[in-house]
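We call the chains A, B, C and D, going by the order they appear; numbering starts again at 1 in every chain.
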Amino acid sequence: MKPVNEMQLSFDSKSNNESFARSAVASFILQLDPTIGEMADIKTAVSEAVTNAIVHGYRDTIGTIYIKSQIFENGKITIQIKDKGVGIEDVPKAMEPMFTTAGGERAGLGFAVMQSFMDNIRVVSKQDKGTTVTLTKYLIPRVLSYDKR
Amino acid sequence: MNVQITSADGALIALLSGEIDHHTAREIRKEIDSQAEKLHPPVLKLDFSQVQFMDSSGIGLIMGRFRLMQLLGGMLLVINVPPHLERIISLSGVGALGVLQYKGKE
Amino acid sequence: MKPVNEMQLSFDSKSNNESFARSAVASFILQLDPTIGEMADIKTAVSEAVTNAIVHGYRDTIGTIYIKSQIFENGKITIQIKDKGVGIEDVPKAMEPMFTTAGGERAGLGFAVMQSFMDNIRVVSKQDKGTTVTLTKYLIPRVLSYDKR
Amino acid sequence: MNVQITSADGALIALLSGEIDHHTAREIRKEIDSQAEKLHPPVLKLDFSQVQFMDSSGIGLIMGRFRLMQLLGGMLLVINVPPHLERIISLSGVGALGVLQYKGKE
């Protein structure tokens, strides 16, 4: 299925870009007239994935984070968050709730939040190559104000 | 600044506001910890009433302050969690720490 | 001078992306703690340039619009809006207030607004290759809450 | 929808709201023009009080409605322009059309 709209975004892995990234995705999704709850879910999940790219993917270095978002006819939304950082050794283990390699102030709940707040999550990662997280959400059906032009 | 700290009846109260993410949590943490370590309050209250957005960094903030207050021999309370944050709070399981306080339960 | 922060954005030249584009740039600029007036100026100028790329650059076709924004140490902001559309035949003439090739509902004031609301504008265009508009604004000096990490 | 149309004392009043850009101006224009062409009102008032953002598409909207009302033998008034839109309105020179109406001048 071809998306009806698409955007791509890239930015430095600096922590003050976390709010920028989730706001930019939110602004893009706004054209689908989401509920406040759907919008909050998407912003939270994007914030988790972007933070992971900054904190874990690029650790103490500054790299580029890439986001791609697509909107489909039926209210399906996909958001891809990609880094070219260290990658994840064991993805299933990393996705377990409370698992974290960072300790300290990280709760180990980033993936749990993404899983719970979105309808689907796919993680592709290769060590020393980077990580791509693809989040999918289906907005609840309604009369869409979306204009195809 | 996303935190305002006051004292009342011996308790240290941190009023959090705005958006809590990994970026803002860092300043909030520093601010709270320096006060708590100076004053050794018996109770630290984190007031979430003014928080508009929070990701799991907010959970880390709660867990970290819980550990700090244990070290300092005091206790942590999380107060005034607004409805829109209930989902992430309950998913996190921080309720099991016994820190959540709801209105009427004081 | 090297920018302290940078983002890039690309999206389809669909008119419902106009609000997305200006909101995304606004979210990026927010880290500099701009005044409400500065923010409105930037959003308006970006809206003009993006609309021009959609309406004139790509006309009845759908192409990709590219935005690049950089923030510098001294409060200087640059925003580049690029299309690979039809290009502008005579740039000085196009920039005259009230000049429009579209007629009807276009006021011919897009460039006038960009010029008046920003500190500098540079337009590079080549026929059948496309147009790049670079907008610059210096935020009024103040104690910046900007965090370099 | 960024426009609500009502009638009062023979005048057609279009209350604009939200963000006016090239995208939203199109719907607003269609809505207003279909009513104006049906009713041939002596006066069309565009009320900008609820407009949060506007680029030069808003100016095009005013100029286009000015021409339409001339064709229909009526007049256009632009009312309640909020302070944050004054800069783009004055830059545009639409004031020269004599359409701007300020409070107290009615």
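Observations, loosely collected:
Note that a contact is a pair of C-beta atoms (placed from the backbone, for glycine too) under 8 Å apart; a residue touches a chain by one contact, two chains touch by 3 or more.
As the structure is a computational prediction, the values presented were derived from the model and not from experiment.
In whole angstrom, the spacing between the mean C-alpha positions of chain A and chain D is 41.
Centroids built from CA atoms put chain D at 26 Å from chain C.
Averaged C-alpha coordinates give centres for chain B and chain D that are 50 Å from one another. Residues of chain B in contact with at least two other chains: 23. Among the residues of chain A, those in touch with two or more other chains are 15-16, 19, 147.
Chain contacts in this assembly form an open path, with each chain touching only its neighbours along a single line. Those chain pairs judged to touch are A-B, A-C, C-D. Of all the residues in chain C, the ones that touch chain A in their complex are 5-12, 14-17, 19-20, 23-24, 27-28, 30-31, 146-147, 149. Those residues of chain D that touch chain C in the complex are listed here as 19, 21-23, 25-26, 29, 53-57, 59-61, 63-64, 84, 87-88, 91-92. Those residues of chain C whose C-beta lies close enough to touch chain D in the complex are 15-16, 18-19, 36-37, 40, 43-44, 47-48, 51, 54-55, 104-107, 109-110, 112-113, 116-117.
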